[in-house]
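Written out below as structure tokens is the structure these notes cover.
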Amino acid sequence: MIVVMKPGASQRHIDHIIERIEQLGLRSHVIVGTERTVIAALGEKRDGAKQALETGEGVEKVVPILAPYKMASTEVKQDRTQVTVRQLRVGDGHVGVIAGPCSVESRSQILEIAHLVREAGAAGLRGGAFKPRTSPYSFQGLKEKGLELLAEARAQTGLAVVTEVMAPEHVALVGGYSDVLQIGARNMQNYPLLEAAGESGLPVLLKRGPSATMDEWLLAAEYILKTGNTQVMLCERGIRTFEDHTRFTLPLATVPYLQQTTHLPVVVDPSHGTGKASLVATMARAAVAAGADGLMVEVHPDPEKALSDGFQALTPTAFQQMMADCRRVAAAVGRQF
Amino acid sequence: MIVVMKPGASQRHIDHIIERIEQLGLRSHVIVGTERTVIAALGEKRDGAKQALETGEGVEKVVPILAPYKMASTEVKQDRTQVTVRQLRVGDGHVGVIAGPCSVESRSQILEIAHLVREAGAAGLRGGAFKPRTSPYSFQGLKEKGLELLAEARAQTGLAVVTEVMAPEHVALVGGYSDVLQIGARNMQNYPLLEAAGESGLPVLLKRGPSATMDEWLLAAEYILKTGNTQVMLCERGIRTFEDHTRFTLPLATVPYLQQTTHLPVVVDPSHGTGKASLVATMARAAVAAGADGLMVEVHPDPEKALSDGFQALTPTAFQQMMADCRRVAAAVGRQF
Amino acid sequence: MIVVMKPGASQRHIDHIIERIEQLGLRSHVIVGTERTVIAALGEKRDGAKQALETGEGVEKVVPILAPYKMASTEVKQDRTQVTVRQLRVGDGHVGVIAGPCSVESRSQILEIAHLVREAGAAGLRGGAFKPRTSPYSFQGLKEKGLELLAEARAQTGLAVVTEVMAPEHVALVGGYSDVLQIGARNMQNYPLLEAAGESGLPVLLKRGPSATMDEWLLAAEYILKTGNTQVMLCERGIRTFEDHTRFTLPLATVPYLQQTTHLPVVVDPSHGTGKASLVATMARAAVAAGADGLMVEVHPDPEKALSDGFQALTPTAFQQMMADCRRVAAAVGRQF
Amino acid sequence: MIVVMKPGASQRHIDHIIERIEQLGLRSHVIVGTERTVIAALGEKRDGAKQALETGEGVEKVVPILAPYKMASTEVKQDRTQVTVRQLRVGDGHVGVIAGPCSVESRSQILEIAHLVREAGAAGLRGGAFKPRTSPYSFQGLKEKGLELLAEARAQTGLAVVTEVMAPEHVALVGGYSDVLQIGARNMQNYPLLEAAGESGLPVLLKRGPSATMDEWLLAAEYILKTGNTQVMLCERGIRTFEDHTRFTLPLATVPYLQQTTHLPVVVDPSHGTGKASLVATMARAAVAAGADGLMVEVHPDPEKALSDGFQALTPTAFQQMMADCRRVAAAVGRQF
């Protein structure tokens, strides 16, 4: 890392930083510029070193050189990770589609949707059983009953079940029914939950928090990878910005950026990413063109009667059309869909 | 709430919305404008009604009229809530100061700081024992050992202990040592944790998530209030914006806005809010002038050697100066400090 | 528009608002809800009415129902606008590509690029002659000399020239050489410039300001449309958010949103939108899949030697590949490219 | 500046960068770390060098060390700039207050307000004559007539007139009446306007653009300073973020940050910064506590009848109270008010 000294830093300040660098087990290298002195600290990156140095007297700032994550990095693992569960294949050339309702609402609802998205070409079934809701007065999900219904839908269709887990103490329960554990955007930095999900050994779909940077997101993935679980999918679902014509802002440049930075597959959720049914299918196409390894899309047989987020759910017909369009775009960019 | 129909909405669409409104147990009231029709839905607010209506055919948008929270609202409770624990008084004219290190690092460190902040006029002691860290490679706190040290510092100084709890299953443990449970910004929407903290019966300090709106924050508080626990403090600690010269952007207008909206006291954390020691004391003064009910400030006897966030910690001398300045500003705006 | 009264609003407050609404030439319609009273103000929208009402005593907020722009709206003009200049066709099913260097740097540079992008399939040539630069110490463009070189490149290639105009007093000069006047992001709300550009009668490419909402952008377009000039293209070039791994955040949902809202064509600039050459081509593809009516892309024969923004310029080879990829994606989504 | 090479950068890439650095007239200094090589480029900063280097093959990023502005920097000029016009003193220990209506609306309105704010202790009179309005259908100001009225108000009260100029060709006209030229937020990066304002020799109040970084803002100031005009005030008026309970987010940490970075005085505009009359006075107090060198506040004798922005105007009574409160806070923080 590079320690930039203030213009007026004295030799005493510089000597002190050199001493601190060496105490931290790093080597120092001083460069005297025309207006400022900078000091490089060489050696393997050690967390905490940056913080220790930037509080030194006479220091203006400390610029890290290495990325803070390791196991998620393409520098550590060059070949791309593919997550495979039942017939769902996400990554390394394959675009996997996970579709279904926001919440599991009833047996007939989830079975109907499961058959429908299966026929349209999806390989994963989404559906919330434990629902984190902004308001305590909103529908909170069917909980274990919902998990049982998802498992029944899987038995009938062969779809891989992807459902959210909200607390470490629920991991065993949810993991007993689900093929993939979903970590929601609100919990991206819930570290006890990340560790518990990692230790389950199940594939994990990690949604981006609405104000998370790439480093924060990849470090959250690192919490899972550190448990030895390598089956991690990143899911871009939109960030919070000043834009108010969409629910969130969907920054698709995330996809190619991450594909240069990490070996983990990147899924895009255009339903939350836009929050408007009329924009979802178009953004799904754009996500495929941007190279997404997967899509996660909300579909409901009757969006108007959905118990949650109906405004961003596609109807069955719209979903079928979206799948046909995405298949053509995937072919145009050389992906299996 | 108000349902705004699209310009081309047909009578059939309008009739359908009226029917839906009535099915939801609300009364409808149609207003035909020069260019559009709007339909008011009257009755007590029911969550889910907005979503159900906005997916209706011919609907452009649905505008809610009532705030989504209830128990946190000044409409429900006019007199201001004061949180009182030991000598710490936050709210209703009293500005309470909670100070201490980012993390508890050692017995000598926490005892030294506790005495120091006590003498300077603080009534609460902060210090992390369970630390949520962005990187899994960072210092994660002393855990239960840290809690014991905080309790020892309290025994010596009488300060109220404020420390973070990260998971529902830790609430009993942390609550056994701490006077106030702190919910960190990353966990603002960790609903199982909010409920468990609420049920502990201890006062809760709820930090704002870095991209949370006022409604989302107050609804998170509502999760706690719903358990019957009324001792909730809101803590503004900065939001994530495009600004990069500070760690977060500290929006002090939050303070007067919340004081018009909720009866809960509002604490400001200028340490995280700026992320730069050189800006903390000035923003603490500004927060008091803005009417803050409390301050939460990081202080470390030797910031350069801190195991976490030293760059935003005040030295003991700077903290004493800050307290003197804040006391004068508090007097100027008619507050007890 | 809908005036929402505060919970405690008195009959006197309500009567006053009714009186004000009528003074403004609108009709009032009172709806008494269970907790609040709302008053609809009916009639043709009149700017200023919202502001006048929301300062009234007892008023909580005023919710507008109608969009603030008129001429840009699909409600006023259903058929889609196509901008046609020389062989450049933007909109209504045609994807037009405008490519070239950030700045015109020399005769050989601009002529070389012009031939190159022409052969790869572009129909418009970009290149800055008057350059708005963040720093006064940066290269400010060749000014009139640059315009002459652009005109020479046009004479040789037939490409339509698109170049920026920075001040009303330059409109005549720039308009004497350019086929399209570009209004840069920094000047999106430079109203004297918008009016002068509109009055030139030339097609105008209006870039989105980095923190402009859709309404602000469309109202800026409205300033041009009001002069009687209907040849306006909107250009999305990224917004400013907390993301720092890209220069700006490119929100492609803008494209389908605008296509539902306005009849004006929407161009996407993935060069500024990402600020990284390695992301540009992928985002160009994604923009086409999102339905963009045009692309604006920076190309430089030797990006490393560019006098401005080389880091986001494609090499000729990368541009040719991008065009081939975009052509396939355009076919997949049924667009002429 | 520091060039960080990619992990796999070859010796050929490194040699090429060294050559480029020397071509740019800088000295190179190579540091081989455990995982990457970084190359320092030493010498006086030259704009364009960063861009030239970051497009080099094998380069990951280029980290600048020096601030991009010069004349605005405290490194170049240590003593603080005070802007003095008539009785208005802004900076270097003096808090100057500029108050008045959003727009000049009539002779009686501006004269009434001028006397009123004078009596309450303001030394500057604001009031728009040329109004940049988001919508072309909004009131655009009285133009030259408004300027004449401002001059008449000055003749009666001795207040310094501060009014906005929107285009280079208006500088002479506006400068003929106004004591200070205001550059609005929308025009912060309108460089021809900045240069024309600078050349007028009049003091300039430069508002921050709603998405401008500190560097961009100070570089805009640099455009003015470069003309030889040293009388520049910076005015923080809020930034655009995801927050929607205020019109903009007012980041008061700007004040102490700038006071460490630049010698130019910093004015705060709590009217635009909050967009709500009920928050303005509190944030004015907070701004003074944060060390602001000046305040710019909207006051209207009858906000409900204002032709623009009445929702954020203080009534005369509220303004008098604000002045009394700010005076006490200024005394508490050792400022002349």
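Letters A, B, C and D mark the chains as written, and numbering starts fresh at 1 in each.
In the analysis below, contacts are C-beta pairs under 8 Å (C-beta built on N, C-alpha and C of every residue); 3 or more make two chains touch, one makes a residue touch a chain.
Predicted, not measured: the structure shown is a model, and the values here were computed from it.
Colleague: What's the overlap between the neighbours of chain C and those of chain D?
Modeller: A, B
Colleague: Test of understanding: which option in A-D, A-B or B-C shares over half of the contact pairs of C-D, residue numbers taken as the match?
Modeller: A-B
Colleague: With chain centres set to the mean of the C-alpha atoms, which chain is at the far end from chain A?
Modeller: D
Colleague: Mind checking the centre-to-centre distance between chain A and chain D? Centres are C-alpha means, answer in whole Å.
Modeller: Those two chain centres are 38 Å apart.
Colleague: Just curious, how far off is chain B from chain A if you go by their C-alpha centres, in Å?
Modeller: That pair's centroid distance is 26 Å.
Colleague: Counting in whole Å, what is the centre-to-centre distance of chain B and chain D, each centre being its mean C-alpha position?
Modeller: 31
Colleague: Would you please write down the residue numbers of chain C that are in contact with two or more other chains?
Modeller: Residues 211, 239-242, 244 of chain C each touch two or more of the other chains.
Colleague: If we count contacts the way the header does, which residues on chain A are in touch with chain C in the complex?
Modeller: 211, 213-214, 239, 241-246, 249-253, 255-257, 260, 273-274, 276, 278-279, 282-283, 285-291, 325, 328-329, 331-333
Colleague: Inside the complex, what are the residues of chain B that reach chain A?
Modeller: 20, 47-48, 51-52, 54-56, 68-69, 132-139, 166-169, 186-187, 189-193, 209-211, 215-216, 219, 222-223, 226, 239-240, 277, 303-311, 313
Colleague: Which stretch or stretches of chain B touch chain C in the complex?
Modeller: 2, 4, 7, 29, 31, 33-36, 38, 40, 42-45, 63, 65-66, 75, 240-242, 244
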